Each structure stands twice: as structure tokens, then as C-alpha cells.
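You will see chain A twice below: alongside chain B first, and alongside chain C after that.
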Partner chain A sequence: MSPDVGSPVGDLVPPDRVSRSGRSVVELVGVSKVYPNTRDAAVADVTLTVEEGEFFALLGPSGSGKTTTLRMIAGFERPTVGCVRLAGRDVTKLPPYKRDVNTVFQNYALFPHMRVADNVAYPLKFRSVGKAETASRVSEALDRVGMTGFERRLPHQLSGGQRQRVALARALISRPALVLLDEPLGALDLKLRQSMQLMLKRLQREVGITFVYVTHDQGEALAMSDRLAVMHDGRIHQTGAPDEVYFRPKTTFVASFIGKTNLVDAERDATGAVRAGGLALRLATTPAAEQFKVSIRPESILLAEAAEGAANTFDGIVRETIFLGSERELIVEVSGQTLLAKAASNVVLEAGTPIRVGWPAEACVVVVDPAEQAP
Partner chain B sequence: MSAASEWSGGAIEEPLGERAKAAGIRVGLASPALLWVLLIVLIPNAIMLLYSFWTNGLGTIIQEFTTKNYSQALQSNVVRALLQRTFLIAVAASLIATAIAYPLAYLIVRRAGRYKLPLALLVVVPLWVSYLMRVFAWKIILGEKGVLNGLLQQAGVIDHPIKALLYSKVTVILTLTYVAVPYVFLSIFTALERLPTALYDAAGDCGASEWSTFRDIIWPLSRPAAVIGFAIAFVITFGDYVTPALVGGLQGTMLGSIILQEFGTANNWPLGAAIAMVILVVSFVFLGAVSLLARTEAVID
Partner chain C sequence: MTSVASRAWSSLFVIGAAVVYVFLYAPLVVTAVFSFNNSDIQTLPFSGFTTVWYEDLANDVQMREALLYSFKVAALSVALAATLGTVLALILDRVAIRGKGVLSAAVVVPAVLPGMVLALSLLMMFRYIGVSPGFTTIVVGHMSFIAPIVMFLILSRLRQLDPSLEQASMDCGAGRLRTFWHVTLPSIRVTVIAACLLGFTLSFDEITVTFFLSGVQPTLPVHVWTLLRFGFTPEVNAVFTLIAAVSLVLIVLAAVLLSGWRPHRRNAPTSAPPIEQPAQTNVLALTYERTP
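Our next item is the complex of A and B:
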């Protein structure tokens, strides 16, 4: 994200700047999944398109339907309604083994009785690939994930990170059009997860295969993906580039799930003036709704002299400061509203200090709650 | 440190004293089980072994070492014929039971959904009924005035009841198979239950059809359980004497019946003990050979 606190929104790149070939690898059209004996749909009316070469993340908390969505793309689950297309072909009713898709499973799902080389070679068994080519492709795939020399090991003789690499090699070896990854780093510790993130991203760029990546970790999704879809309660709340989703959240859920934000209840009167409690807010555009919430990212809030001249400026009082090492978080009270702001870590502000705060009109993002909007 | 313990990652070098202490704790924890094995398995068999080297002298046991019982047993045409027949009946019944229990367990684990446990219970429920009752039930089904003959007569398929249904080798194999199925099923069912469903998904994902998934992944991983199930069935059926006594007739007599006679009406314990020892040795050799089929490198975690 832009570290320039002065004009974070001004840097916003147009959402369509991601270079795409325009050919869709995955298309979900109105897909829903209702499991037997459950009331609520696990996935409700999901429509999305993933384009060739994209690193696409499905982001959401547990139970949001992201894994079910992935399993419907792979063919492990059949949608209750809707249509799944891979490379333009309707595959809704095809079993997994007839789809040009490979999956990296959350718990790796390596075959415990097969050595690393046999695990990786297994998909080639069903693709009439000769012995010599199989051998060269296995060593190439293991080389790509940095597992050369482990060919003769059994899965239980590998660490979690190593198993994940083998699973990845197995998913890549048949050169599918699409690789699905289901929380692939979920079981790894933080350090390993970060190095695996880099490896995955580099690998995806090298092989040019489309990745659909399920994660509940918003940092991971923002850092790795070209585009992402944020899911909650089986629905897609927003799809877009990471910076677009971060700076222009559409729903209260997206605003609060991704990063930290200030969400304030606001209302518009007949003249178009917007008030949030005691604050008169200036927005870039006049919202259509009368009752809504406004999301203001902490890093959009300018302090002291920097705040002067911003569209929204108020006098506030520092209530608390939290030292985070690389930065400092401030809790500032402004006319009865509590706002989270950020300052450099060398700025020392005592609680109780009066301070000017301000933010540009574009920093106020109107968000809605789709649950309240639904009829 | 060996290469193997390096891979497992969790192996920490312990000082020798600590290791001996840990071994002591392990033996201590196992001691009730060890005591049980000693009292119920080892001592009775040792007594049996001792008896097999003594002789019978008009109702008393002459405690002098001799191999006479063994030469008598092994030279007897009756014992040799019965040993062969008993072995074949036990192998046949165990094989058929495994062939029935495996697909049954596979279908219940893969296809039964939420009826999985109730169905598995139905397979095992005969074990709650006394062994004698279960065998006797077949007598009621297959007897001259039994259920099957009655049905066939009523349906007009036959005029007179078929006597050959009961008291034959086939009847014994049928009944022993029925007795063995729940045990084999339990062994296979628990093994298949333990396999993560992600393995089926992963195989399908690699391009394997359900049959290929079974052949390449599921069978190699569950074969040890099928072999163990087969071995349990063999142990149960090889030494059985109740089933042949109830439904076997002369055709279906097994070696267990002879041992029973020697310990009972014939009152020749040393000879009975010697024949029992022969059964024991044959079982050990056979199961040793069978256990080679149960070897696997896979560790499922």
C-alpha cells in the first residue's frame, strides 16, 4: 500500500490497470450451494470471472463459503444451481478427473505410501506421458519448488513446508490451465509462511499458470493477488484489485475485514449535507442513501499542520497512543467520535494533548450493509 | 543420529540413563497387559506343550518325556486328512469373508453418508449374539424342516426337502464365513475410516477415476487391514469345533472336533495336546507368511 499518508487516495491506480489477456479461465455464473439438511446456503449466487495468468484470491473468514467455491471449481462439489465454466466450456457436471485443474490441498493430501517422485509423477500417469519425459518433468517440477534431492523420501519424512512444496510440484506437473490453492500456507508458522508467499508468487509469475488462492489472511491476499474477491456468509461482497478493495470498500464488512478502519454512522439531509454525530463531513460525492456508514482509513487521517487545508478538519484530543515499533497508533476523540489515526513512531504525543485532525473528501468512503439492503 | 530420526524431526537425543528410565516406564505401563498375556496365553500353552510330551496310561498321565504323541498324530491318516481339510476350510472361509467384508466396508465408508455408522453397526450386531446361537441359526435355516426348505417347497420349486443343505463341507464354510465377516469388516472399516477424504479428492484431482483411485491409493493403504482381517478370520475358523459339530456332520468334521474328543470321551490329553500343538505351529507358519503381505511403508497422520 502507499506509504504516502498525505494522499493515499490520489495514488489510486485505475482498477483495470492489471494486464489481462481477456480470456477467462474460470467463470462462475449464479452459483449457489446448499448442503442437505442445512438452512443457509454455503455459497449464495456467486458470479465471478478469473482471467488467464491472474493470481486471484478468494478472501473471507472461516465459513464464508470460499473453500466450497473452490471445491466447486475443482469438481469435488456440484453447485445446487448455477454454472461453472472452465476456459469457456461448461463443466458443471464433470467429475474432477475430467477437468484441466489441479489443486493444492490444505493438508497437502500427499499419498502416504508413495515416494516424493511418485507422488509428483502421479498426474502424468493419466496423460499418456512416456517414461523418459515423466522423469524429466518430475525433476523439473521438483527443481522449481526447490525439492531436488528429496525424490526417494516418503511424505512422513518431510516437514510441513517441504510437503507443501511437493504438493505444489504435483499440482504443476501436468501443466494445467488452472491451479487451485486451498489455504496452502495455513498450517505453517509465520516465518515459513512469508518465505512460501514469495516463492508462490515468483513461481506463479514464472509458469504463467492462473492461480485461484483461498485464504482467510487479508495480508496474504493483499500481498499476493492481482485481484481478489472478498466473501462473507456465502456471498461475494466485492471483487477488485487489492488497492481498489482496500481504499474503496463497498460494504461495511469489506471495510472492517481488510485492514483497520474507522466506521462512523452518518446521515444525509435534504440539502445534501452529511453529518456523523457532531461532525459535518465533506464527501467527494453526495451519497444516494440517507443512512449509511463512512469508512475512513487511519492512514488517511492527517495530523497537526498537515491537517490544515484538508476538506475535513476538526479539533480533537489524543486519548491514547499505542507504540507498534514501525509506527504509532493514536486514538483521537473528535466531537464525541473516537477515531484511530496513525503517526510516525518518533512522534511523542501524551494522552490529553489537543490536536488538529483532517482528511480529504475522497478519504470518506460510503459503505453499505448488504444485509440491511436486502428486501 | 540416524537418517530416519533426522527426517522425523522430533527426535531429540536422550542421555542413556533417561532412555533406560523411559523403557522402564513403558514396561511398567504395559505390565497389566503383560500379566494378562502371561496368565491367559503363555502359561496354559506351556502346560499344553508339556502335556504333549507325556503319555496316557489308563486314565492317568505318565510324566515321562516322549515324542510318541507327535509321531502318532502325524502318521495318522485321519489326522493328516483332517488337518488338510481344516486348513482348506479355514482359508476358504477367511478368503470369502474378506471378499465380502472389503467391498461392504468400502461402500459403507464412501457411499452411506449419514447412514454410515448405523449400517456399520448392523454388520457388527451379530457379534452381540452368542456364538452358539449364531451357528445354530444356520441349522434352523438349512435343516431338513428348515426355513429355506420350507420356502422352496411352498414356492413349488421342490417337492421334497433337500437334505444335502446341511452337514457338508460347504455348509461349514458358509457358516464360518458368516461368523468371520463382522471381524474382517471391523478391521477394514476402521482402516478405511482413517484415510483422509482428501486422498480421494487428491487422486481425482490428479486425473484418477474412482477405480484408479482405488487401485493406486486406497487398496495399497488399506491392504494391511484386509490382511489383518483375514488373519483374524483364519485364527477364529482354523481351531473351531462348534460349527463342524453343529452343521458339519461327518463330511464337515474338522481337526478341532478331534482335539475335543481326545480331551473328552477318549480321555487322551497328551495326544489332544500334541494335535493342538500341530494346529498352533501350522497357524504360526501360515500367519507369518501372510503377514509379509501386510507390510507397508506408509504412515498416515
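Our next item is the complex of A and C:
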């Protein structure tokens, strides 16, 4: 049985932009993974390149194949089809212990019978590193993650955040070319998560090691990564810088998974005019497809006087307002379409108030649903 | 009314339980008591406390040789069974091979087979290949029923292990053998020890298989059994009491180890760590300030 590797998204996603440092640390070429006795591929035709020194996030909901992708880079899984390259070298068939990669596991995977110092020193055991150098590198690594003084503790004597930092020290100590992180902050509470995000980002800048970071938290991915790939159903829907992915989503999935958005069904007629239900939309470019969706971010919808003069202006009625503290969400009905907009939290609008809404042509982003285009 | 009835039921339950325990332990207690009785014949009343039977035991050369022999047999057969059992458990747990069910069933057979069948078939096999009964045959016989028990105990432990630990080890650059030595073996060590203790008592107390496979030198239980044929001496009480005591200690130790007691809290939850204390974030803040 051959896996389904035809990629409807592949045509939409242009090849990765020209590298920044020019040296790729990880390259996946047409990688698919089909587990035995399953019909659908866990990972389908994934192609991506991670540059040296990058903080790269793999973002997607659970079951999107992001962890499987990570495990294929680490060497715990072998791709059914495709090729994994590390620093230009084909490692597809190499076991994990022959790859210059270290992983921070979701449950940290610290060795329970070893003290913190021995856990951190473990990778050096297998690289001829002298005793004195091992000791100095262990204390340096523990210092980097703020765990000096915990050398003699056993893992079960540490809190979740502390274990996390020890796992990080263990991943960094052999100075690998690449560190993989599998939802490393998933088990931590919100406050700690935020401080750990800062620490991770700072650490990555300091050591200059490439990070590939798996997460299902879009906020985390946007905040931390230099570039990210959005995955869904085993496929990469879009790869790019956080702002690019946020403002110029390519698929309906990316548009709706990252942040909130208004997705409206639209169609283009022969003259190039675009209509979405009762709305005549003006877009910055004429789309190639005839049937598509348009994504309009709530924050790009202008209200009242601000809306005047925008490429798209319509009369609407406020249907509902939701107070969120720092801002207020408005649900506005515009000729049959319901749109989500944002206003300052001190703006008070009663439901039923007529209001002028508008947005620039660039705010309309044409997105497609690859599942609908698939044969 | 109901309270009277329920009280009657519960006292009946207590009596029933007591009867069961008396049945189980009375023989042991009687044997132990008579091993200290100052009389050649086993009758009440108790004619006085003595340790003379234990002294006799200590001076009995045949008995000492049988004891030493039993130790040697148990030590070697347990060592071999532990190695074999561990290897088989690892194969069944890790290696993707066809017919795993058949393999594991085949390993169990010697452990569930009636001792006599196992003993006779082994005896016939040894005769066929020309190995005369003696130390080697007893060790092989014991190993054949201890190894499956070791294997199943270790297999169930292996299945509890967090696979990410071994992956983390390989991720750190350790090959399969080093991963086994540094990570897997320490994780199953307690189970291996417990299985060895259990195997030791099984080997030490075994009669049927040993009886068929032993040559000139008997093991302790076989020697005692031979003594019984020529009449009952209180010396036998003493040796039974000792065997029972040592076995009980080993079995209790094995049970404690297998029940999940660990020197360190090995199964401490890693996935659901406790909520951090505020002091924790301060540590982070400090390191933050330190670095430029």
C-alpha cells in the first residue's frame, strides 16, 4: 500500500524563501510517515528547511503530525517515504545516537535513578570528554538554566519547571547543531509558562543553537519563533515568519487556527468583480480561483468615521458587544454577513446601533481550503 | 436487629478466617515448636526447651554437604535463569518478530508442567545426549522452571517503563547496549533482584525435579526426604524450621520489592508536576538579571 503523498497544499506553498544564513541545519524532503495498520498518513509529503541559528516552530493541533515530524528529525521514527538531512548529510537511516541532535521531551524524560548533575553530564559520557571538562561544562549548563545548587538532587525532588530546565541543560551540554523541543512547556501553569518562554528565547539567542519547537499554542509559536510551519492533518499548510503567517494566511485552516478571523465565502465573476453574498468586495489583487474564502482580521475592520474612505465601506448594525477588558469585541451584521470587529474598551455601543464599517483592500486575504481542492 | 445480625456475620467471618489461617500455619508452628522440644518422640506435653537438634544439625556432615550443594545449585540456576529470563523478556518486549505468542507460550510450558513430567522428559533427554545425572542436570532442571517466572516478572516491569527514557538515552548518544546498561537495567534492577529471590526459594525447596535429576549427592530437601524414610528425628524438625524461615524471609522480601517499593520514588509523576511556588520564579528572575 503506498501512502497518499500527493499534496494539494504543495502547489500553494512556494519553496522556502532564500536562506538567511545560507546554511540549512535540517532539511526534510517529501517526508511521509504511514504507521502500520492505519489508512491515513500521520505526516504527508512534508518539505521544509530550517536555517542555522533559527528558532523554528512547528505549530498545529493535536494529531496534525508535528510530533511525528520532530521524531523523524530526532531519529525515533523512520519516514515511510522521503529524506531527512542534517547539515546537508542524509541521515534518514541513522539511529538517534548517530545524529548531532538533542531533544527536550514533553515529559522531560530525566533518568530517575541519576542525580541532576549525572543527568546533565550523560551526553558527555559517550563523547571522549575528560572529567574536569565534564564538571565545568555541567556547572556551566546548570548555570545557564538557573539550576546551580541542584546538582545532588534526584529528579523526583524537583518541581516541573525545575525538571524542565534540567532537561534543557542536558540537551544543550554537548553543544549539538540542533535542539528539538516537544511541547516543553505543555505541563506548566500559565505564569511559569510565560517566564519559561522568555528564558527559552534568551537561551537560544545566547547559545546560538538552532531550535525546532513543537507546540499547539499559537500564541507561543508567534511570540517565540523566527519562522514557523503550520501543520494540519499531516501536511504543512504554510511556512513563514509569524507576521507573514498571521497577516497573509494561505489556507482557511491557517487563517482560523492562528488568531481570530472573519472567513467569508466569496466568488469572482468573469469581469473580475468579487462578491461575498450581498457584499461587493474590493481586493488588492484579482484572485485566480473562482470560488474561495476571504479572511479579514477583526482588528483591520475600521469603525464609524475611521471607516470612511476605505476601499470597502458598508453600513452595518451592531448585534452584540463583548467586553474583554483591554478591548471590546463587536459582532456587526453587514447585509446578511456577520463580522467580528474590535473596538477600544471605552467605546460603548448598544446592540442595534447602526454603524459604518470599512477595511482596506489589503485586509482581504484570499484563502483556500486544500481539502476541498483535493481530487 | 440488623446490628446483631451483622455482628453475628462478622464474628462468623473472623472465625472462618481464623480456621483457614490455623490450617495454613499450624503445621509450621508445630514443626518449629517441636524443633525445640527436649524429647525424641513428637508428643505433648512439651518436655523442655533444647537446642540440641540444631546442634546435631550443625554437626551432621551429610546435612551440611547437602545444604552447601543446595546453595550451589540455587545460586547457579538462578544466575542462569535471571540472564535467560531477562534476555527473553527483552526480546518479547522489544524485537518485532512473528510468533511472539508461540514463543512466550513455549517458554511458560516448563513452569506450568507437572514437575514429574518435566523431570522425566529432562532425564530422558540427558540420557539420550549422554549427560549423567548430577550437578549440571539439576541446574538445567531448575533453570527451566525459574527462567519463565523471571521472564514474566521482568516483562511486566518493562511494559511499565516510560519509553521516552530509553529514547532520551539514545538521543544523548548512547547506543543500544549502553542504553540498556545505563538506563534500562537500573530501571528493572529491583524487579530482577526480587525475581532472583523468588527463584532462589523455588530452587532451594524443589524436590520432584531434583529427585529425578540428582546423582550421588542429594540437595537438602532430597536428603531430608531420604532421612524421613528411615524414621522421624527431631533433627528434621529443625532443618524444616530453618528452611521455612529462610524461604519466608526471601519471599516476603521479593513481595515487598515487587509490590512497587523502590529505594527512590521511581514512579514519581513527571507529567503532572505540582504548581510552582512563587520562590521558583524568583530563581529565574535572578538569573535573568545576572546575564547581560
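Assorted remarks:
Operating definition for what follows: the second predicted complex is superposed on the first by the 356 of 375 C-alpha atoms of A that agree within 3 Å, B and C clash if a C-alpha of one lies under 4 Å from a C-alpha of the other, contacts with A are read in each partner's own complex, and residues count from 1 in each chain.
Keep this in mind: contacts are C-beta pairs under 8 Å (C-beta built on N, C-alpha and C of every residue); 3 or more make two chains touch, one makes a residue touch a chain.
This is a predicted model, so every value here is computed, not measured.
Following the overlay on chain A, a clash is recorded for the pair chain B and chain C. By the touch criterion stated above, A:97 is placed in contact with chain B and with chain C alike. Shared-chain residue A:242: touches no atom of chain B or chain C. Look at A:127: by the touch rule set out above, it reaches both chain B and chain C.
Residue contacts after overlaying the shared chain place A:259 against neither chain B nor chain C.
Contact with both chain B and chain C is seen for A:154 once the two complexes are overlaid on the shared chain. Touch counts on chain A: comparing chain C and chain B, the chain ahead is C.
By the touch criterion defined above, A:163 reaches chain C but does not reach chain B.
In the superposition on chain A, contact of A:74 is made with both chain B and chain C.
Contacts of A:358 after superposition: neither chain B nor chain C is touched.
When the two complexes are overlaid on their common chain A, residue A:195 makes contact with chain C while staying clear of chain B. Chain A residues in contact with chain B (one complex) as well as with chain C (other complex) are 74-76, 95-97, 101-103, 105-107, 109-113, 122-123, 125-127, 154-156, 159, 170, 174. For chain B in complex with chain A, the residues that touch the partner chain are 4, 7-9, 196, 198-199, 201-209, 212, 216-217, 220-221, 296-301. Taken together, the chain A residues at the contact with chain B in this complex read 74-76, 95-97, 101-103, 105-107, 109-113, 122-123, 125-127, 153-159, 170, 174. Residue ranges on chain A touching chain C, taken from their complex, read 74-76, 95-97, 101-103, 105-113, 122-123, 125-127, 143, 145-146, 154-156, 159-163, 170, 174, 187-189, 191-192, 195-196, 198-199, 202, 206. Touching chain A in their complex are the following residues of chain C: 162, 164-165, 167-175, 178, 182-183, 186-187, 264-266, 268, 270-277, 280-281, 283-288, 291.
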